[in-house]
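Before anything else, here is the set of structures, which you'll find just below.
Presented sequentially are two complexes of chain A, the first with chain B as partner and the second with chain C.
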Partner chain A sequence: MVLNVREILLLMAEETEKNGIPLPINPRVITEWAEGLGLPEKGDTLLYTGGLYQLMPYINALVKYLEVLESRPSGGFLLKAARKLGLTGLAGAIAKPDRREVEYSHKVLRAIVKLLQSAGVEFAYNPSADGYSGVLLYDMGLDNVFRRHAVRVYESLKKAGARRIITIDPHTTFIMEKVYPEYVKGFDIEVVNYLRLLREKGYKPSGNGGRVVIHDPCLYARELGIIEEPRKLLADAGYEILEPRRSGRMTYCCGGPVESIAPRLSRKIASMRARELSEKGRRVVTLCPICLANLSRAGEKLEINDISLYLSGEA
Partner chain B sequence: MASIEEIIRRVYKALEDEEFQEALWKASLGSEVRVPRILQNYEYIRELAREVTEARKKSIDRLDELIEELKDSARKTGVKLFLADTAEDAREYIGGIIGKGKLVVLSKSMVAEEIGLREYLEEKGNEVWETDLGQLLIQLEGSKPMHTIAPAVHMTVERAARLVREKLGLEIPDNPRPEDIVAEVRRFLREKFTNADYGISGANAIAADTAAVVLVENEGNIRLVTGLPPSHIIVAGMEKIVETLELAVKQAMVQAAYASIYPPTYINIIAGPSSTADIEHTRVYGAHGPREVHLVLVDNGRMKARETPLRDQLRCIRCGRCQWECPVWRHTANIWGGPTYGGPMGINWTGITLGVEEAGPLTLLCLQCRRCDVVCPVEIPISRIIHWLRRQYMDRLLLS
Partner chain C sequence: MQSNGAEALRAYIRAETSKCMFCGFCEALCPTLYHGPHRGYGPRGRVNLARLIARGEASFTSDVVESMYSCLLCKACHLKCPGGIDIVGVVRATRSLYVLSQEVSA
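And now, the complex of A and B:
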């Protein structure tokens, strides 16, 4: 059985229109990690997470649910029913992500904040201006929904007084830097990726050392040219970097982008890549929450962590 | 039209076929290392690729003028030119030349596949043989080419041996080696070559200034298909025209290098029918080669595609590199990408030749990882075009 693709896309589109994120969950999941950190809320440089790290545990739960549906003969029908009637199966599955994954995403975000602070970057975090950027909508070609969403995101950033935003993952960086200017009239916010920013500041992180295999995300490598920055930061932090057979500009996809449409294909690509990484070593650095999730799912005995945890000595 | 669910179903079936997965995986690993090595060993190729990219862009811009120029040169060189608007026009025209009850040999042509030429000629009562080994195996299997350059990439030697044994009655020993198959097929096809009434080929490039076509190959079958039968029919997409013969040859060289066959064993240039004037200065056609040469240029959506982002795909030189490098294609081969073409370029060619409706659902399995974009010798933003197709399609899918 394969999934009813139209239903999945409609779910994403409808939820984003309704509450700003592509899944039927409370939007607070995007900002709760910052509660109690006492970050300043006002400033013209805002940390804009785009919500991808925070959403991954929920997307993982969705994919797991879809994989089950896929293995059943009536999966496509169930999905349609679930969306139409708001059935508890779907919403319930997504609402109960793996708590460890949620905590992990919070750990990553806090590590990034600490890195920026240690590097002397002045920035604010305004929860009402943070939120999902709409990357999946754009990727899937849902142009009109995406455009409306992007305008809303832009307006709330402007309202919060943002002149510059700091982005932390490849998809959000790409969409804000290259796509928003095309879709949002008068878009005038400067976008800077945090790895670039750390390098610009000449920041020297300190990590735990050892050998790590680097897995470049597609968009950093081929769209944004962020290839050297993570390597320099990791080297400065005391790591020896091992390059997999396909790395840098020719890095290989983790399979993530088709995870909710053809989970089996996605998994196949992920395991191919995971095997390739494992040929070089067990400790793997990822720079994108989707890569992290998908490679972890592939089941190789790898110890995969986000770059921020390596740079802050937490991995 | 295949729905996205149907496409996923086919892909999943391919994922489960272990023989298929293994053959494909082996082949693609090879290509990935061979092309960079060629580029390193022959430094001028990159330079040539840049030149060809510019030449291709220019010729797509000037296509209408170049067609006029080609008409002129064809008249001078004695090539019979026909412009076919649709696949059907092309089929019928060629069918009209050949008639029925004839023996026809074909060298691999994706445009012939696109217009369904072999099946059409067979239905009309002709005996038609593919002569490229991989393509012959595809003919025997009754499937479609699984890669632009390596059509039978998904077959293990055992599968190939089984096919020629069963379908052609050739004697292939147990535990066959590729050599055994090649030798038997060679013997089988020899007789077809010599007795064929018509030879049909494609073209890697067509020169507007001379009406010469350029064809690259390793097997040597193209030489025979285009040289032995009394009539030669070339069928090619209109986008294959470039300004000069010089550029056409360069384009063929670039194509070969990025298809990881460099140096190519043969580069053929064919400018009109064979002739001699050795007796009393009287020109006589059909000395040793064909007496007549037909050039059938197929539009089938190409001219119209120039008005959309698909325009960039028209400069494709069909090297197939984007296929080898695509993480999805490595598991599916041309099972994914459209009814004729496959993989990243295939989606866009499906868009050109069959329209957004047909190409749309295919785009949903693209990872947008952009490996294809960076390896394409003529710098086609393949994944960006796929994304454009996806957006067109989504509009319709969600409205429906």
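And now, the complex of A and C:
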């Protein structure tokens, strides 16, 4: 049920040390969404995406590849061989993500920028200071690789003049707010999540209205206490919020965090959650790129969109 | 919990897991237990396998590795643990021990 863990960890560690991302892809995928937007690059408040939305199409492509491997008894061996052969099979699979998913991630990031701008938040986006936060390394127990990576991320943020960063997903918010201060000596950057910031600013978004089912991500709900903010924003935007059987602090995981280690298990959990959400309605709001990817994979009959698209009237 | 070497990780795991009373309240909330082939796919199993690992009474067999790496780190189990065990912290620390044992992270 679980793939060759050692090989997956080795892949993540090697790739992160090499180009700052745990996958064999060009780091430019993290910043290309902002090209042509004309966002200011200098400022003491920086938008820090952490790269998770941008990486999900590539992780989805990897999961498809791993699902095939998992169905074969020699999965572990094949993965080992792929790594030794310069990751040809793996890199080939990941290099061809679904373009619609890539465009969707760009649409989400641009919607978040629009929301922040409409709320009157002053911020800059410096592509050289944006990059993967390393959260997966931390989750997998790759502590030394994570520590080195976190120091590099911190240094590039400092070099860009960041005193405050705006984060946009639960995993990046958690790692920057709760874990970096423990691992990076002298970490002195204020971390603020964009949903909290929109609420603090008293921003009233305008959406298309209707009924939506909310799926709380585990980290927002149980670790960061971000439960009311998305509900208030959605209500202000004109949506009627439907609560699934398990919501708020009692939310149920999308199965996502293990999709690259145990894809079949991950899919089973996502299917269970998708069924639960569908009991309340068809339009689902997610607040995390991992939840979005996993529930979309399992809940084909659902219309699942990121909260930023609902709040900006694009969903 | 930041890992400062294998011994610190073992000490942390021993301290946390010593609070387990084997009540199993955590199991009803775990998304992976229902789908897994053995009890190591649930929090009670993970806590007790971690305890055995930290005490040097078990090694990283494939079942133990699966148990630790199938955890979603979702913290649903934390909501019902009467002992207040940092179960996700224990799983992460045990993963870190595994990584050290495999020399993945030089």
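Quick note on the criterion: the second predicted complex is superposed on the first by the 310 of 315 C-alpha atoms of A that agree within 3 Å, B and C clash if a C-alpha of one lies under 4 Å from a C-alpha of the other, contacts with A are read in each partner's own complex, and residues count from 1 in each chain.
Assume contacts are C-beta pairs under 8 Å (C-beta built on N, C-alpha and C of every residue); 3 or more make two chains touch, one makes a residue touch a chain.
The shown structure was predicted, so the numbers you read here are calculated from the model rather than taken from an experiment.
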Original post:
Is the arrangement of chain B and chain C around the shared chain A a clash or a fit after superposition?
Top reply: clash
**OP:** Applying the touch criterion given at the start, work out whether A:28 contacts chain B, chain C, both or neither, answering first, second, both or neither.
**Re:** neither
**OP:** Could you say whether A:275 touches chain B, chain C, both of them, or neither, answering first, second, both or neither?
**Re:** neither
**OP:** Return first, second, both or neither, reflecting whether A:178 touches chain B, chain C, both chains, or no partner chain.
**Re:** neither
Original post:
If you stack the two complexes on chain A, which partner ends up touching A:96: first (chain B), second (chain C), both, or neither?
Top reply: neither
Subject >> Which superposed partner A:204 touches (first chain B, second chain C, both, neither) >> reply: neither
Original post:
Is A:159 in contact with chain B, with chain C, with both, or with neither (first, second, both, neither)?
Top reply: neither
Original post:
Who does A:250 touch here: chain B (first), chain C (second), both, or neither?
Top reply: both
Original post:
In the superposed model, where does chain B crash into chain C, at 153-161, 207-215 or 387-395?
Top reply: 387-395
Subject >> chain B/chain C common contact set on chain A >> reply: 2, 5-6, 9-10, 13, 139-144, 218, 222-223, 249-250, 252-253, 255-258, 261-262, 265, 268-269, 272
**OP:** Note which residues of chain A are touching chain C in the complex, please.
**Re:** 1-2, 5-6, 9-10, 13, 138-145, 182-183, 218, 222-223, 249-250, 252-253, 255-258, 261-262, 265, 268-269, 272
Subject >> chain A - residues contacting chain B, complex >> reply: 2-6, 9-10, 13, 76, 139-144, 218-219, 222-223, 249-250, 252-253, 255-258, 261-262, 264-265, 268-269, 272
Original post:
Residues of chain C touching chain A in their complex?
Top reply: 2-3, 31-32, 35-37, 65-66, 69-76, 78-79, 92-99, 102, 104-106
Original post:
Inside the complex, what are the residues of chain B that reach chain A?
Top reply: 4-5, 8-9, 11-12, 15, 327-328, 330-331, 363-371, 373-374, 387, 390-395, 397-398
